[in-house]
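Naming follows writing order (A, B, C and D), and every chain is counted from residue 1.
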Amino acid sequence: MADLPSAGRHRQVVELRGHIIDSLMLPRIMEELMGLGVEYEIQQLDVGHRQSDTSYARLELSSPSDVLLATALREIQAFGASPVDVVDATFAPAPADGVFPEHFFATTNLETEVHLGGVGWTRVRYPEMDCGIVVREGVPQCEPMSDVHCGEPVLLTGGGIRMSPVERPRGTTPMFGFMGSTISSEKPKGSVIRQAAEWMRIARREGKQILVVAGPAVVHTGSRESFVRLIETGYVDTVFAGNALAVHDIEIAFFGTSLGVPLDGGPSLDSGHEHHVRAINRIRAAGSIRAAVESGALTSGIMHACTVRGTDVVLCGSIRDDGPLPDVITDVIASQRAMRSRVREGVGIALMLSSMLHSIAVGNLLPASVPTVCVDINPSVHTKLADRGSFQTVGLVMDVGSFLSDLLAVLSEPA
Amino acid sequence: MADLPSAGRHRQVVELRGHIIDSLMLPRIMEELMGLGVEYEIQQLDVGHRQSDTSYARLELSSPSDVLLATALREIQAFGASPVDVVDATFAPAPADGVFPEHFFATTNLETEVHLGGVGWTRVRYPEMDCGIVVREGVPQCEPMSDVHCGEPVLLTGGGIRMSPVERPRGTTPMFGFMGSTISSEKPKGSVIRQAAEWMRIARREGKQILVVAGPAVVHTGSRESFVRLIETGYVDTVFAGNALAVHDIEIAFFGTSLGVPLDGGPSLDSGHEHHVRAINRIRAAGSIRAAVESGALTSGIMHACTVRGTDVVLCGSIRDDGPLPDVITDVIASQRAMRSRVREGVGIALMLSSMLHSIAVGNLLPASVPTVCVDINPSVHTKLADRGSFQTVGLVMDVGSFLSDLLAVLSEPA
Amino acid sequence: MADLPSAGRHRQVVELRGHIIDSLMLPRIMEELMGLGVEYEIQQLDVGHRQSDTSYARLELSSPSDVLLATALREIQAFGASPVDVVDATFAPAPADGVFPEHFFATTNLETEVHLGGVGWTRVRYPEMDCGIVVREGVPQCEPMSDVHCGEPVLLTGGGIRMSPVERPRGTTPMFGFMGSTISSEKPKGSVIRQAAEWMRIARREGKQILVVAGPAVVHTGSRESFVRLIETGYVDTVFAGNALAVHDIEIAFFGTSLGVPLDGGPSLDSGHEHHVRAINRIRAAGSIRAAVESGALTSGIMHACTVRGTDVVLCGSIRDDGPLPDVITDVIASQRAMRSRVREGVGIALMLSSMLHSIAVGNLLPASVPTVCVDINPSVHTKLADRGSFQTVGLVMDVGSFLSDLLAVLSEPA
Amino acid sequence: MADLPSAGRHRQVVELRGHIIDSLMLPRIMEELMGLGVEYEIQQLDVGHRQSDTSYARLELSSPSDVLLATALREIQAFGASPVDVVDATFAPAPADGVFPEHFFATTNLETEVHLGGVGWTRVRYPEMDCGIVVREGVPQCEPMSDVHCGEPVLLTGGGIRMSPVERPRGTTPMFGFMGSTISSEKPKGSVIRQAAEWMRIARREGKQILVVAGPAVVHTGSRESFVRLIETGYVDTVFAGNALAVHDIEIAFFGTSLGVPLDGGPSLDSGHEHHVRAINRIRAAGSIRAAVESGALTSGIMHACTVRGTDVVLCGSIRDDGPLPDVITDVIASQRAMRSRVREGVGIALMLSSMLHSIAVGNLLPASVPTVCVDINPSVHTKLADRGSFQTVGLVMDVGSFLSDLLAVLSEPA
C-alpha cells in the first residue's frame, strides 16, 4: 500500500499499459472513478506517439474510505489497471463440492494473470465469465461453481490479479466502433426518472423550456390522465404532437372511448371506430380546439388542459391523418418551422413519449446539448435516436403510463 | 320496423346472403349480438349444400331498448346484414366546406350500396375507410371530410344502407386463414386485468390451482415487491420459474442489487455483476433455499415468501444458468415431469409473466380449457402462444410491474 | 363406412354438435375441406334458434382418394367432427420404453374421448398437446413419449376418437374475439410470394394497376437493385413513397454511399452522413428529379428507372424530411388527394415494402377488395394492418431484399 | 498548412482542449484516423491530473494524399479537433432560394464557431443538424436548406470552423455510460459478412475451430439447404444446437414439411403439426441420429450432413423440448460441460444464427478474444450480447437465410 499520511485519505497507485486510450482502457477507468467518487491524479502518462506504439499510465487513487478504495480497485482491474506494488494472490480451499469460499474471485471473460508466490505472474487457463479460478496441477484455471471439488485452492479477490482488456485491432476495421448501449428493457428505471425530474427542475430554475413530444399511444395506453396532471403541475411549457394524439384525446372527451373501445370496460363496438372521425368533424364544425373549449363543448383532457393553462401546442400533420383537426399544420415544412421557432427559444429538457415519427423529427432539430429522455415500449425507437452522440440522451424501454406516474411522484417530493 | 307488441321489447328482422358461414359473416354477427346483449332468433337458415352454393339467413333481433337495437343494427351491417324492410337512405346538407353534418354515415372499406328514393339500390363509388358518402352528379361516392363542399347532400346513418363483406375465395388458398388478432399494445388493459381477477376468484371458489409462470424480468423490472404481495394475498398456489428468477430475487435480498445495479439509485459497479454468482454460492453453501430461510440468512423476497407461505415452487434448469441453485431441477425431462404433475392436479388459471421459454413450455402442458393470461412487453411471445386455439387465452403487451399492481388493486376490491 | 357406389368416389358422413357456428367449428371445417379439395354436402343443419340453444350438423364428405379422405377426417376431428358410424379405437403396444408405435395418435390439448370395445366412449385423462394416449389401469390417458413403457397399449390414428373444441363462452365477454394470426416470422414464405406473383399477373391481365408502396429501408437494406429490376420488368405501374426513399436512392447514384456508408465496403466516414443533404441540394439546384435525369446528372437507381420508364411516382412529405426534394408534396392533404386519385383508377394488387407510415396511410385509402401483401422485417407493422378485415391481406415478416429477389425469380418463370 | 518537405506526404497539425480523454474526444479521433489510414503523431499531451482539470493535445496528421487529409480533418472536427493555424472561414452566395452552394458546410448538432475575417471566432446561433450556416445581420446561424434566400452568404467546408463536443458531466451520473451501438437494421451488411468470411479463413489457417450456434429458425425460415452447403464446404467444425433444430431438420427429411407446412407449397394440414413428434419417435425407435443415417432412414439435411462429414454436434436440452431425440443431453449442467470442453479446444470464430437461448449460453462460455458474429432478425438478441465488451463482437439484424447465402458467395471467391 502506498498510503500517505495526510488527511486520513486512503491511497493506491495503479498502472496500465497498452493501447490504453483508443482501446478505451483509460477513459473507462476515469469514468469509473468519477462515478464512484474516487479522486485520481495522473502521475505519469507516456503516450505512444504513433498508432503502433503502446502507452503507459500511472494514476494515484485517493478515497475517504478503504472500502471504497478496494471497490474502485476491483472495478478498474477489468480495464487493465493493476497496483504498482505487486503482492501474491491469495487462495482458500473450497468448503464443499460445488461451492466456492465466500470471497472467491469471480471471473470475467478476459485474459487474466495471477501472481503466485515464488512463481510470479501466471496466465489463467480457459478464460470464462462468472467462474472461479482453481489451481489444478499447479496451474490456475477457470472452473464453474458446479465443478469445483472440496478442498481445491480457489483464488480470492484482492491483490495479485491483473487482466488484459481486448484491444482495438490496429489497422482499418471500419465497422466496429464503440460497443455497448445504454438502452435496455432490463435496467431499473428509478434512477433515470429521478434524473429526468432533476433536469426539469433545473430547466425551471434557469428559465428554459420543458418540451414534451407526445405520440398517440400516450392516450390509448391509458396515460391521458397522468399527462393532464403533468400539464397541471406547470412542468410542461410546450407540446409537440400530431393530429392523432389530439383526436384520441378529444374522442375520449366526447364519447368516452379510445379507438372506439369504452374506457369503462363496457362492450366494444365495431362502429366505435367511427368516433374518431366524428370527433374531428365536431371540432371542424366549431372552427378550432380553442373555440370548442370556449363554447363549452370540450371540457376535459390534454388539449383542454393545454388550452386552459396556456401551454403552447404545435400539431403537425402526417399523410395518415384523418380530417385533420383545423389546428393541425398540414404543410410539413411549415410544421418544421413552427417547431424550430420554439426550439430556438431555448429548451432545457425534452421528454419524448411514445412517438417514433415525432421523436426523430424533433431529435433532428435539437442541439446536442439538450438533455433528452425518450420513453417508448418499442426498443427500436431508441436505437434510431442513439446516434445523437450525446452523454445526455437516454432511452427508457417502458410503458409511458408507468413513466408518467413515477415522474409525477418524484416531482411532488420536496426538491 | 317489424315491431311486435309483446313485452315492450324492440325487434327488427334482418337478412344476409352469400358464403355466410365460412366467410364468417354469420359467426361474427352472432358474436357481436352476444357481446352487446341483444337476443336473436334464427328464423330461417338455408345453407348451400355444396361449397359453391350460397346461403341465406334471416334473424330476428330483440332488445330491451331501441338505442341498443339501433347500435346492434349498425354493428352487424358491416358483416352483411340488412333489414328486410327496406327504407330510403336519408341525407343532410354539409353545413360548411370540410364539415359533415353531425349524424353522417362513416364509411368502411367495403362495397356499399344505398337505397335512393325512386332509384333503388345504388352502388357507392370509390369505397374508402373513414369517409362520408356524398351525392355528386346523382351518384353516391366516398369523399374525405376535407373534400366535402358546403350544401352537398351527405348520407346519414340509419336505414337504406347495405354492405358486402369480402368473401373467402372459393378453391384452395391454403395460407389465408382467419385474420385478426387479439394481441395489441394499443388496447386498454383494464378489462383484461379485471377478467384475470375474476378467473382467479373462480379458481379459488372451485378449488382449482392458480399457477404463476414467472421469468427473471419480473425481478429486474422492479416488480419483485408486487409479486411478493400477490403471494401474500394467498392468490398464488404454484410458481413455475427458472434459476434466473430465483437468483435475481436472492441477489436483492443479499446485496440490494439487481444484475449488480443498486436498487437505491447508488452508483452501479461493474463488479456488481458478480453478485449473482456470489448469491448462488451462498445458497449452495447453505444447501437449499429452505435451509437459507430457516437459518435466517434469507429474509425477504419472492423465494422467501413462497417458502414461508408454503407456495409450491418448481425451478427448472436451462443451459444459460449460472450455478445453479441447489433447488433447480437440472434435467429437462425431470423438469417437465415435475410441472406436469402439478398441472394434472387441476389448474384454474395460468398467469404467464415475462417468461418466453417457460410460457411456451407450460403452454404445451396445459389443456386448452385453462384460461391463460400472458403478460409480456415483447409482442412476439404472444404470437407464439396464439396458436393454442382457445377463446380463453389472451396476451397483454405491457410492463409486468404495472400489470401486477393493477391486478392487486382489483383483487383488493370487494368481489 | 357410408360408401356409395357411384363414380369411384370415397365418402364418409360426419356429424358435430354444440355452438358450432359462433364457436367456429363449422366454419373451420368448411375452410379445411375447401383447402384440401374435399367436397362436402350439408345433409342436415339444425341451428339453435336462440343463443343458448346448441346446433347439430351432418355433412357427407366426398373425395377422389381414400388417402385424402382419411387426411380430411383427421383434420376436422380437431374441430369436433366425428363419423356417424362409430367404430372401436385401435391400439398397438409400445415397441420399447420411450417409443410409440409408428402410427400412434398424436394428441391436441382438447378434451378427447376414445371408443373402447365393450365400454363405449371414454374420456381421456390429462389432456396435453403432442403426447400419445396410453391405457393405464383401464383408463386412457395422455403420456409424453419419454414416459411410455414397452408393451403398453398406445392409441393409433383412425376411428373411435372424438374431440371437443373449446366453445365461445355464452354471455358478454367483449374482449375475446377471434384468435389466431396469419402473421408469423416462422412460416415458409414461398407460397405467399407465389400468390403475390399470381395477383400481379391477374392485375396485368385485367388492366388494373400494380401499386408499390416503398419505404427507405428498401434502399438501405441493399434492395435497390432488385427494385430497379422489378420496375424494369414493367410490373410496377405506380410507386408511393416519401422523401427519404428518393433521397437514399439518389445519394447512392451521386456518392456511392447509403446514409454515408460506402456500398463497396470502404471505410465509413462520419461526414458521409452529409451526403444525403448534399444529394437533396443538387436536385433542388436542378429543379426536379426529371430535370436531373434529363440533364444527365442522375443516371441510375429507382427514381431514374421510374423517370425513364414513365412509372408514376407520388412522393409525400413528412415532418422528419430533410430538404425536401422539389418533387415532394409537402402538404399532407394534398398528398392524400394525389394518392387517392391513383387508387380510384383501380388497383389490382398493392405491395407494401418496409414502410410503416406509408403502409398504414395507403391501407386506409384502399378498398377491402384489393389484395395486399405487406413485407416488413418488423412484425408490429403487420399487426397494425391486420384490422383491414380482408381475406386477401397477408403479412410477411422478412427482409425486403429476399422478398424482391424471390418475387423476380417467380415472375420470370413461364406463367 | 504545416506542410513538411519530406516524402511527398501531406501534413497538418491539429489541437483539442477539454476533458478530451473521458469525454472520448481523443479516443474517437484516434479511432477515426486509424479507420481512414491517416497516420498521426501525438506531439504534445498535457493531461489534467485531477478530474476537474482540462487537458490539451496537439497531433500531427500525415497522409499520402491531400484529399484523404482533408477528409480526415472534416471527420475529426466533430470531435473537437481544429487546425492550429487558423484561417478565415469561406462563404459563397446561395445560387437560388432554397438551394445551398455546392460545397456548403453541413452542420452537426454541436456548438460550432466560425472564424470571420476581422472578427475572429464567432459562435453560430441555433445549432441544428443537417443545416447550412448562413450569415444574417452579421451573425452566422443554422438555417435549413428550404429557408435560405438567393444570394445569402453560406459557409463552405474547409478551414475556420471548430466544434465543441458535449462533454461528460463532472460528478457522479452513474447511469450514462458510453452511448452508441453497432447494432442496426439499417446498416449495409456486406462488409460485416466479408469480415466474417475473413475470420473463418484465419481460423482455418491457424488451426482453430469454427463454431456455429444454430437455432430452429435456421430451418423454418428456409435456410436449411444453405446451412447444409456451409457444412459441406468444410467451414464448420462444431455445431451447438437444441432438440428443436434437429427435429425440424429431420421432419423435413421424413415428411417434407416444416412445422407441418409443406415446403413444396401444397396445402397445409393442421395434423401436419404432428410430424415433429412422429419424426422424434422414429429416431427414438432407431436409437440415435447416427443409427438412422447408417440404416438409410435419414438421408438428407443438417444432421445427416454433420453425421456424414464428421462435424461435431452438441445438442442441449430445454424444458420446451418434445421427445427429445436420443442424442440430446437432457441435463443442463452436463450440456454446459459438453460445450465447454469444445470451447477449451480453441475457437477461432463463433457464428450465432437465430438462437437467443443458445447464443447467450455460449456467449457466457467464450473468452472475450473470440470474434463473434450474431445473426438474428430480432434486435433484442443483440442487445443482450452487446455487454460482452469486445471490439470483435458484432450483431447483424437480418434474415439468416440471406446471411448464409451471402456468406457462401464470399467464401467461394478466391481469398
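Quick note on the criterion: a residue touches a chain if its C-beta (ideal position, glycine included) is under 8 Å from a C-beta of that chain, and two chains touch if they have at least 3 such contacts.
Worth saying up front: this structure is predicted, and the values here are computed from it rather than measured.
J.: What are the chains that chain A and chain B both touch?
T.: Where chain A and chain B share a partner, that partner set is C, D.
J.: When the contacting C-beta pairs are counted for A-D and for C-D, which pair yields the higher total?
T.: When C-D is set beside A-D, the one with more contacts is A-D.
J.: Considering only mean CA positions as chain centres, point out the chain farthest from chain B.
T.: D
J.: Taking each chain's centre as its mean C-alpha position, how far apart are chain B and chain D in Å?
T.: 37
J.: Provide the C-alpha centroid distance between chain A and chain D, rounded to the nearest whole angstrom.
T.: Here chain A and chain D have centroids separated by 21 Å.
J.: Express in whole angstrom the distance between the two chain centres, defined as the mean CA positions of chain C and chain D.
T.: So the centroids are 31 Å from each other.
J.: Quick one: which residues in chain C touch 2 or more of the other chains?
T.: Those would be 35-37, 130, 144, 146, 172, 174-175, 185, 187, 191, 267-268, 322, 324, 333, 336, 364, 380.
J.: Give every residue of chain C touching chain B within the complex, in rising order.
T.: Residues 21-24, 26-28, 30-31, 33-37, 39-43, 45, 47-51, 108-111, 126-130, 144, 146-147, 165-185, 187, 191-192, 195, 333, 336-337, 340, 343-344, 364-369, 379-380, 383, 386-394.
J.: In the complex formed with chain D, which residues of chain C make contact?
T.: 32, 35-37, 71, 74-75, 78, 95-96, 98-100, 102, 104, 106, 130, 144-146, 185-191, 194, 217, 220-222, 258-259, 261, 263, 265, 267-271, 274, 276-278, 280-282, 284-285, 322-324, 377, 397-399, 401-402
J.: Would you tell me which residues of chain B are touching chain D in their complex?
T.: Per the stated touch rule, the residues are 172, 174-175, 266-268, 316-322, 324, 330-336, 339, 357-358, 360-361, 364, 378, 380.
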